[in-house]
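Order of writing sets the labels: A, B, C and D. Residues in every chain begin at 1.
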Amino acid sequence: MTTSFRLPDLGEGVHEAEILALPVVPGQAVREGDVIMEIETDKAAVEIPSPYTGTVSEILVQVGDMVVVGDVLITFTSGAAEEAAPSPIQKNQPKAEAAATGPEPRQEQKQKPVPASPSTRRLARELGVDLHEVSPTGSGGIVTREDIEAYAGRKSIPESPAETSKTPPLAAPTAIPPAPDRTTLPDFTKWGDIERLPFRSIRRATARQMTSSWTQIPHVHCQDNVDITELEAFRQKHKTEIKAAGGRLTMTLFAMKAVATALKNYPYFNASLDLQTQEIIIKHFFHIGIAVDTENGLMVPVIRDVDRKSIKELAIELDGAIGRVRAGTHSREEMQGGTFTITNAGALGGSHFSAIINHPEVAILGLGQGRMQPAVVTDERGRHEIVPRLIMPIVLCFDHRVVDGADAIRFLRLVIDALEDPDELLITMI
Amino acid sequence: MAKMTMVEALNLALRQEMEKDDSVVLLGQDIGRDGGVFRVTDHLIDQFGSERVIDTPLAESAIVGMSVGMAVYGLKPVCEIQFSGFSYQNFHQLENHAARMRWRSQGRLNVPMVMRAPYGGGVRALEHHSESREAYWAHTPGLKMVIPSGPRNARALLVSAIRDPDPVIFYEGKALYRAFREEVPEEEETLPLGKGNIVRPGDDLTIIAYGAMLRPVLEAAENLQKKDKIEAEVIDLLTISPLDESLMVASVKKTGRAVVVHEAPRSFGPGAEIVARLMEGAFYYLEAPIERVTGFDLIIPYFSREKSYIPSAERIANAARKTLKI
Amino acid sequence: MGRKHLAFKNDIDYLSILDENNKLDSELEPDIPKEVHLKIFRAMLLGRKFDERMLDLQRQGRIGTFPPIKGQEAAQIGAVALLRDSDWLVPAFRETAAELMRGRSMESVLLYYNGYNEGTVIAENQRDLPMAVPVASQILHAVGLGLAAKYRKTDEVVMTFFGDGATSEGDFHEALNCAAVYQCAVVFICQNNQWAISVPLAKQTHSETLAQKALAYGMPGIQVDGNDILAVYAATSEAVNRARSGGGPTFIECVTYRIMMHTTADDPKKYRSQEEVELWKLKDPLLRYQKYLQKKDILSESGYTALQEEVKQEIQTAIDRAELRMKELGDPLDMFDHLYAELPPHLQAQKAELARELASRVEENRHG
Amino acid sequence: MVMGDMEMNTDLLVIGAGPGGYGAAFRAADLGLDVVMVDPIPRPGGVCLHKGCIPSKTLLHLTELIIDARQAKKMGITFAEPQLDLAAMRAWKKQVIDSMADGLVALAGQRGILLIQGLARFESSNTVRLEGAEFSRIHFKHCIIATGSRSLELPGIPFSAGSRIMNSAAALTLPDIPKRLLVVGGGYVGLELGSVYATLGSEVTLLEREKRLLAQVDTDLVQPLQRRLSGLFAGIHLGVEPDSMLEHDEVVDVGFKLDGKMEQHCFDRVLIAIGRIPNSDDLGLEHTKVQLDNRGFILINDQLKTADEHLFAVGDVAGGVMLAHKATREGRVAAEVIGGRNSGFDALAIPAVVYTDPQISWCGLTEQQAIADNVSYVTQKFPWKYSGRAQTMGMTDGFTKLLTEPKTGRILGVGITGRNAEGLISEAALAIEMGALAEDLALTIHPHPTLSETEAEAAEIFQGSPTHMMPSPKNSV
């Protein structure tokens, strides 16, 4: 019999992908685990291993296609009865329905029935558990309710279609309906040559993410300046040894540490808002995303447990991450799980700007370029004088639904103090 | 609550009103033994006898003319014209008398009658059986024009119509008679005449319709939501005259766009009045010209072609898209 | 098989008791109490005098167009005289005399012909319908009333008037047919005054009589000399008694004549000869009745003069009151009243619109 | 309707109001679906209630009384020969049917299900056209086809009302008690109705083309019944089928070969009970994507879904064993699937009962099936002559048989022959569905004296030590 391979649910709200490569051809025999295609999702490029052993009978997609979870990509001729995608997704996909053929014969004669009570069998069916896979604990090899539940617990099971259809995935970007585009664009060719490029994958993901964030979250921006004269001196002093260790000592690193400390003091900045349950989710881990500009567009690798790592460790880890995202060799996982994001426009020469929160996070910190500026300094005797200092613009954008301005100021103050006084920073780091 | 077709719901309304009030009498062709050609009065003669469920000679003018007399006497006649296509033979009785008695007698006499008639196409009926001419009655001062869109509101509106002190023309969409069933409570339910309903809230545009057109309109609204992410607000007028102007205007002020749908021919049809009211009430809020999706200015064709004449969900959805393009 | 004459349970009679030469058929003479005679005569006289006076008023431009009734007094009063207060009268538009006898005020008549809605108001105690202009349409209302009265199990009788022209209308047919089918208590009084505006009876129908149409509906029908008050009275009392006792409807054709024009806006000379009119003037119902009463010593010479004076006065007071009333009436905004039990929003808006316009008019007048 | 077509829209249309149909309709309504059910018979119940199971069991109950009364003679009580009042018997049967049918009408009404009398034919995968109903057309989101089956005719001999050649439905109307009745077909219908008429006084001859009765039942289970019937029937001819059949006003002439030579026999009536065929031919299924097998059964998967995604089929028309209780379950499963539940038909044991005297019932695996599929099994047989209860009733020629898995003793199938086998089989069905072991059955205390003990004792045989018979040395422990 033929089996269709559908784009599996890759989790994390990923619902579509672009086909990057198709190393197999119709008629080709593949073994389970062989790479049959390479796809790029919103989050990363992934290689897809074949779930079956069999022969490729038909390839229904081409390189460059955008495909949606549940779409049939390749069909195999094999003995495999099971379909790749769990049934709920097929249900939501008209294409899948179309692909489905006539009724298969009744199961009865297929395999020897597994001993289990009718109610147990019903439970198994609803949890999508194949009784043959479950190891029985009942007398004389009878499968019990508990066996099913245990098995289901191990392998995370999609809910039955009845439930899934009820609860729309609010967190998923798709949940935000883009306002109907009522503006028809003029014909630009009237004024000169144009080029039409596909609006897809990372570009599109960014667009969707930003739209949802901007339309959903009431943003508030706190601008300020940081006197990083001392910190810069400190950086110059230590950057060679860090370089030796295989990292780059950047302002971003100091900001990460300062932010980690601030997040500990103000946990509401390390949170997410769950509108469905009407709850604020406070995260007890501090994974900070760093906005990286790549040729494919904006990418945000996440550095885990910033609070528990030394500047040096972070420097090395961050440098590696940046290298991977620019090369496109990063994994999906390292792009996930951030609790706060830092974006540093300084390197590119940007100064004052505002940033959009990386939903579902609740705040983002932006750093501008440090420039020598005249500053008024007051000495201990209270005398003022104007001296050149290295001043860095800094901006904190936060979700006013979750935190208030006062806290934001305090949060920002904490960060600024840390950055203005390296010793302070070093102390809080410990 | 029991599930009922519109036919059963109307029957329930008549039965309960007759039980409550002995001044309610029915008259019309074939409404007795036969229970009406659509069975709306089925079995009422068994319960109330031929003095209250009166089979009349084949004479539309007599049915309405006698109703006027009975109403003046103090009864509440509910007469059935077998098909609205034949109600032109009693036009003058409504226009010259039913609509004017209260006014001519300066309130001394009134005509609390209801004229029920099936209207509209979509059931592959023969000619003269599929017209939608509600505009005639809506255009006649002194009459009220009511058109329900489903079993439950049909029942509630008929009860209100019977109790209304003025003559009410009550059109029943043939296509709705048995089209679907709804929970209709046994206990009494009424709906105020002259008040419409928002049956589906939305922000992108307002679709105004009534009677049998509600079904294609709601289907269109679904498709607009699914395919175009367009949220259409749907207004079910329920009463064509007097119009629920404030409801329509408020909605269009909110959405800025409107599509008006009816089965009746376009020119001088209810849509013309509805659009005019919207221009008067919401002109400065409009973001696009108002669209009308209606029957064409033709005699409704014999049934092999009627599907193309009657507004379809697709035509309605396209009109909606058109208003949103601007 | 074969062919045979079909007999119907009803035949069509012609009834005349007091002919134009005042010959009396005492066999058939109805026994009418003195006071009733006087009541009837007074009503006929009032009808005649009021009609004449209205014509003057119209000529003076003090009222608008109206349809005179002159010559049809007996055909109307002879019939309504038999109604009780609990009975119903459903008139057409040329039954002013009958309406007055039923209690309609002369003011209301004057108001109506002066273009005031108040002119179709029915008095609280009165069970009549306002006059109906669309020919024959009112006949069905009478049947409806009869059907209702039957459902309520009362002995009320409904009497409806219409002209010879109305018998060509569909509603006439539908009404008589339904009344017969339901056997309700309706008396149909046809004022056969020979002319429907310019169309003579001969062009209205090819039947020898209008009364015979009753046969087709299976109801009794009779043709009477409509200018013979005794004949109209006798035939109607028979019909009313039949109806009241559950015997069903009757159709009475009163053969009379429209001495005057259709309405004051019409010129009969255009379509009928003066000779014909003169011929009918000789059959005048009022004069005939007056002689009869005098011969029976019910009405004395002096009594007649007094009565004339009384009636004249009554009319004058009515006219004065009407003209006074008209000064009070006439707020245009009243036109919005009584269309519906409750004025719907769009009409409230329109009423306000008119109010504003009127206000501004007043302004203009003040300034210029 | 005088003018035009009345159309109706519904979530679920159920065609056929038999046990499959109303099972589906009721379940669907309980799941909140808008349901319309169409059937040519005014009240629900289908063949089962109106001309099948229920009327036949009503008659079989009466004949059982007669049999017991006769049986009582050797126990010391003698009844007079029964007086038959056919009219009264028909009335009794009608009253039973009416009360059940009215009950179903009420249940449908309370669930808001619309019952329409009429014939439905598909116009497309979403619409049917109705014949003889107030509605002309129904549009549906899903449809469950539960049109059941009808009696198979002998080639060239169509059934007609009032004919002396009857199908089971006609025979159940009890037109008269024919002196000589020929029953063609040794399936359960032929045997049940044959017994009824034989007990009521007909001289019954039975022809079965197979070499044995009740072909699908294990031979050992049939033996006791066959012994009994050979006494009750005038003749049972196996491997014989009618070659000619000619109906006259008073009689039917039938020709068939007995041991090679053609014979002509004369009967007052003939009952044809040679099987049933699915009602799938006149449904307009050609306008849908539904696929049929070569015998006309609708192809479905274990969710009762046909090849057409909108259409489901349950009961006889969908093949499998043609039994009411199987149809009902299928109907409920189909309704649940349509209602969005992840349901499926996975019954291991569909019990079957032959209501003859003695009765035969079985469920799960049969021996002949086990052999066919070469499933390894062992049997435990407990003869009823060892059952106290059977003794008290004088019903000792019967037995209870278990088929068990050799190693574990898991119960795979059960067969019972004897009085009240109908009541005993349910415990067996439960045991199989629960995946119970012979031990479970043996350790479950059964009341004494009852026939149910025979199941426990059969299970004890597997344990190697039955109480009321001697263990056979080989599997004693």
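One rule holds for everything that comes next: a contact is a pair of C-beta atoms (placed from the backbone, for glycine too) under 8 Å apart; a residue touches a chain by one contact, two chains touch by 3 or more.
Quick caveat: nothing in here was measured; it's all calculated off a predicted structure.
Chains B-C form the pair with the most C-beta pairs in contact. Put simply, the chain farthest from chain A by mean CA position is C. Nearest to the global CA centroid, when each chain is reduced to the mean of its CA atoms, is chain B. Rounded to whole angstrom units, the spacing between the C-alpha centres of chain C and chain D is 83. With centres defined as mean CA coordinates, chain B is found 55 Å away from chain A. The geometric centre of chain A is 60 Å away from that of chain D, both derived from CA atoms.
The mean-CA centres of chain A and chain C are about 93 angstrom from one another, to the nearest whole unit. Touching of two or more other chains is recorded for no residue of chain C. Within the complex formed with chain D, the residues of chain B that make contact are 2-3, 5, 37-39, 83, 123-126, 129-130, 174-175, 177-181, 183, 303. Residues 291, 299-302, 305-307, 309, 320, 339-348, 373, 408-410, 433-435, 437, 440 of chain D are the ones that touch chain A when the two sit in their complex. Chain B contributes residues 25, 51-52, 54, 56-57, 59, 61-62, 64-75, 77, 89, 92-93, 96-97, 102-110, 141-142, 144, 164-166, 194, 242-243, 245-246 to its touches with chain C in the complex.
For chain D in complex with chain B, the residues that touch the partner chain are 1-10, 34, 109, 112, 114, 134-135. On chain C, the positions that touch chain B within their shared complex are 90, 117-118, 120-122, 124, 129-130, 132-134, 137-152, 170-171, 174-175, 177-178, 181, 337-341, 344-347.
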